[in-house]
Every structure is written in structure tokens, then in C-alpha cells.
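A, B and C label the chains in the order they appear, each numbered from 1.
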Amino acid sequence: MTASVEAGSLAVELAGLSKRFGWNRVLRGIDLRVERGTTLALVGPNGAGKTTLLKCLATLLRPSGGEGTVCGFSLRSHPDEIRERTGLLTVRGYVYDELTAEENLRFTARMSGLRVPGATLESELERVGLARAAGQRVRTFSTGMRKRLVLAQLRIRRIELALLDEPYAGLDTEGMALVDAYVRECRDEGITVLLASHQAGEATRRAEQTALLRDGRLHFVDHDAAAATHLSARDLGVERP
Amino acid sequence: MPEKSNLSRLVGLAALVTFVAGSWVGLFVVPADAAQGDVQRLMYVHVPAAWLAFLAFFVVFLMSVLYLIQRDLRWDRVAASSAEIGVVFTALTLALGSMWGKPTWGVWWTWDPRLTTTAILLAIYVGYMAIRSFADDPEKRGRWAAIVGIIGFTNVPIVYLSVIWWRTLHQPPSSPRSVSPEILWTLMLNLAAFTLIYVYLMMRRVRLAEVEGKLEERMAYHG
Amino acid sequence: MDVLRRGWAIVWKDLLIEARTKQSFNAMAFFAALVLFIFSFALGPDTVLLQRVSGGLLWVGIAFTGILSLSRTYQSEETSGGIEGLRMYPGDPRAIFLGKFIGNLVVLLAVELVLFPAAAILFQIEMWPHALELAGIALLGTIGFSIVGTFYAALTVNLRAREVMLPLLLFPALVPVLLGAVNATTAVVVGDAMQGTGIWLRLLAAFDVIFFVICVWVFPIALEE
């Protein structure tokens, strides 16, 4: 593994990144610099391309144009190294209903190339409060329980960049607290976090910076103003081009 | 652009001339086959058509490989054009083969190795065109089509071999028939004619594909 | 190697899910037996005829059943968020192909354990004395089927008309496998000369190797978004 990073280097650096599906240009020239260890809120209306951007960073989508590095590795030439260091949290998460929580976690560990003893799996499940449900099939889980499992999946891997796509969707207070705790932990451990949400206030309150994705373009906005308002381009001081 | 259409006109003219010459010779000049009679003249169209069917798919294969390496949509357009033209000639080959089979052997279809392989080639072509129709995104379309084209083409010689083995196990191999030089030359002439036809059609079709591509782009950006 | 380990993790996961739901295997085995039954019904009681075409019928039955199995291959991924879930993990995405291929192979071979005896009964052929050769043919043929099938299943998984596209793409590609398997099976069962099976087994083996290499090689491109 090449040592690619110096202290204080960027977790994400994008120059003109674009992504289109057929002729639908979802991302049009994104420039972004995120320093290691920061928490960035990515806000924007539904369908603005937040998920697309996160998936590009997670190397699930190939960019149509532009350049980018994630955790110091080029998106185009070293996607594998990026995947090793990046974790993506989607709304539903990728869990198998017919497997138990523990089996799901074991699968994640194996697929991530980790040799994880059973005791570690148990303790990880305990940390997210699923110790008692470890042997239950996920089919029986509530949304909150699924989210806990997905967080455990993220935690068990040693990632440097956490990409959270609408992490608060469908959660009750307790579930939200869980996600908050995770975000705080990431900050403590120096893990960079990108938090995407269509509800500006929710995301910006937990972040240090805010970026607005609109019409395929990214604008950095005044963080305090964003934290205090609902989403509106005019309110945030971003004019339509 | 004017130079290009001049070249294609030239090729078209050459194709027309050789085709007329080849047809004339094949129909009226060359003597009919002693054993099979006039029906044998169908060979002069059937064999070149078969040659084209396989040549066209080879071009699809080449273009598919090129596209996957370079991701340049131009290669994909050439591949698609070749497939369109190729499928027509494949169907023609089968129809002619059938037409020839009936008076000669009394059956509409024989499991002759080459004919059988051609029939399977038709199925592969259809699959190729079908998968293209399912992708709106030109990049995705090119990628999927290229994969199908490569796998499909790789399969053709294997299919051919296996069908030959299959037939020889059940029938003694047919003795090679000697071919008179006049028949050979007529065949060559028609082969050249058909190849020129292919080149001409390709030039026109690829041009059309380029225009279609630009139109797609423009419509998308306006929408 | 890492690819093998991760591929194996996928096999384990899929077989575990399969063992728990069980519906697929039962349905497939039943469907396969039904297909054979309908064949023998349609062809009538002529034993000699049935014996001679038994190889063909058996492998057509396997092919139809196999198609069912293939469309299911990525179904379990769909209910859990899609194949992206697997693509997100680090490492060579070819592990996904390996895992799915072996999973399909195992399930299909398991169904054949039911099918072959059923064919022996329905078509009144002697299989037991040739069990080893038949096992070899079944293995090589099913491997060929699973390689190309798993690959094309991945390619067509997101298409609207995948139930049609998969057979359309698959069957021309499977012609050598079917020819090889059918002829080898028939040669064994009807008692032809040994050279008969030799050449077909070589064809099957060559097909398996060639297409395994190609499909593994091209697989990441098929998965791209």
C-alpha cells in the first residue's frame, strides 16, 4: 500500500467532475475540496444529484468527465484503493433479510477482506445495541434496527471517509441519536464525513461546512445561515446563474 | 464532407458495375452445372451472401474490441451499422440456402454445418440488436453490445466445429466436389461485387449513424 | 487469494439464503421433473425412441430449469438493495462472478441429482453402470451452462425484458454445450463407441476453459455504471 497522504491533505478533491446518464447531465462540473477529518453537509433538493455524487465518490459510478481523488487515490486509476477506505451508507442499506444480524456482519467482514473473530462481531453488535437480536433474521427488524446494523457494517471496516446518504430518513429520535453518535465518533477519530440530506437544517447542524447541490452544480454556502433555515437558494444567498 | 460522398459514390458505382457483371456472367455466360442444373446458379449469390454475413460479424467483433478499449462511440456506430447490414445478408443466406436445398435434396432445410452455423449466427445477431434496443444511454448501449458481440463472435468457430463433428458422426462426410475454373472465377467476381456492396452500404450507414448520434445529442440537451 | 475468499463468501451467503428459503430448489426440481414427464408423455410409449432421444430431452430439461435458476441469481441481491451492495466492497469485482457462478453450479448440480434418476425411470435407460461417465458429462456441461448463464444473467439483470433477453442471448451461446452434452450422454446411454464421448468431452472442456477466461475477463465491464 503506497503511502499517499501527508498530514492535512485532502480527503476529497474534485475538479470538474461530471456524470451523465445517457443525455441526462446530473452532475455538471463539480469542484470540491474537503480536508481530512471535516464533516461536510451536502444539501440540495431531491433529485439534485446528491446520491449520484456520493456514489461517484464511492466508485460505484464512473465519472463521465473531470478528475478526482479520494483519500489521495485517483478515481479513474485506483478505484479499488478508494473502496478500501470509503464506506457508503444508503437509506435502506445492503442487508440480507434471510440472514441474521451476525451473519450479515460476518459477510461484510469477509467481503471487506477482514478476519474478524466471533467475539469482535458480538461486541460490534453490542455497540449498536443489537446484541440481543444478533441471532434474529433481519426480516424481522424494524427500520431503526436495520439502521443500527448498517452502522455496525460501516464501523467494522476501517474507513477514512464516510459517505452518508440521507442517514436520518425514517428514523425516530433514538435512531437519529445513534447516527449523531456515529458522526461524532467519526469526528473524534479523524474520519471525514460527507452527510447528504434534502433537509438542510438537519444536516448542517451536525457539520462544519455546508455545500448546496443544485442543477448539477455545487456551491459552498454560509454555514450558519444554512443551519438556521430551510432549503432555499435565495435564502442561502446563492443566485440562479 | 463533399470528398466523402464522392468516394462513396465511386464505391457505389463500382459495386453496381461488378454486381451487374457478376449477375450477367452467373446467369447467362457460365454453363449450368452438369449435376444440379440451373439451380446451382444460386450459389453465385448464396456463397457471397454467406461470406458477407460472417465478414460483417467479424467487423462487429473488431469494432466491439476497439470500443471497449478506447470508449470512442465512433467504433460503436461502425459495429451497429455492420450488424444491421450483416443480419440482412445472414437472412438472405439462409433463404437462398433453403431455396437451393428444395430442388436439390428435396428438403427445405438441411443440418449442413455451414447452414446451421449461419442460422445460429442469425440468432446471435438478433440478440446483439435486441440488447442495443434496451439502452438509451449510448455509452451503456455500446458497452453491452460490445460484450455481446465479442462473446457471440468467439462462439461462432466453436459452434461450427461442434456442428461439423455432430454431422460427421451421423453421416459420412460428403466427398469434395471439384470446381471448374469458370465457376470459380464467376464466384470470385460475385464475391468482389458483394464485398463492394457491403463497403458502400457501410459508408452510407455509418454516415447516417453519425447524424443520428448528433441528433440524439441535440435533442437531449434541449430537453 | 483474496478473490477466491470473497467469492467463497458470496457462495456461502447465497447457499445459506437458499437453504433457508428452500422454495427455489423445490420449485426447480419439481419443474425439471415435470418437463421430463411432459416430454415422455408427448413422445409416447415407444421405449426405443425414448431411449435414443433421452440425452436430448434430459439436457433440454436441464437448460430450461437452469434458466429459472439464473434469473434468480441476482434476485436475492435485488431485495437487499441491488448488486451495488456487492460492488461496494473493496477488491476485484470478479469475485462476484466467481461467487455467483459457483452458487449457480451447485444448485443446478443438486437439481440434476434429481433429474438424472427421474430420466432413467421415465425413459427407461440404464444409468447406474455408467454413473461415473455421466457425472463427468453432467459436470462439464453444467459448468459451461453456468459460466455463460451467470455472465448473461448479470448483463440482463436490469433490463425490462430480461425474461426474454436472457434466453435469447443464452441459447445461441450454449449450442456447443448442448451438442456436446447431448451427444456424450446419448453415446454413453445408448452404448455407442467410446470415441464418441471422448471428442464431446474435449469440446465441453475447451468451451468451459475458453468462456471462463473470457467471462471472468470482461465481467467488470458488464458491471460498470
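By definition in this document, contacts are C-beta pairs under 8 Å (C-beta built on N, C-alpha and C of every residue); 3 or more make two chains touch, one makes a residue touch a chain.
In this text, all values refer to a predicted model and were calculated from it rather than measured experimentally.
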Looking at Cα centroids only, farthest away from subunit B lies chain A
By Cα-centroid distance to the whole-protein Cα centroid, the innermost chain is C
Ranking B-C and A-B by C-beta pairs in contact puts on top B-C
Between subunit A and subunit C, the Cα-mean centres are separated in Å by 39
Subunit B to subunit C, mean C-alpha position gap in Å, rounds to 32
Taking each chain's mean CA coordinate, subunit A and subunit B are separated, in whole Å, by 51
Multi-partner residues in subunit C (2 or more other chains touched) are 224
Within their complex, subunit C touches subunit A through residues 2, 5-6, 9-10, 12-13, 16-17, 20-21, 76, 79-82, 84-92, 224-225
In the complex, the residues of subunit C that touch subunit B are 148, 151, 155-156, 159-161, 165, 168-169, 171-173, 175-176, 179-180, 183, 196, 199-200, 203, 206-207, 210-211, 214-215, 218, 221-222, 224
The answer for subunit B against subunit C in the complex is residues 68, 120, 123-124, 126-127, 130-131, 134, 143-144, 147-148, 150-152, 154-155, 158-159, 161-163, 165-166, 169
Touching subunit C in the complex, subunit A uses residues 55, 58, 60-62, 80, 83-84, 88, 90, 92-99, 103, 107-108, 110-113, 137
Subunit B residues touching subunit A in their complex are 136-140, 216-217, 219-221, 223
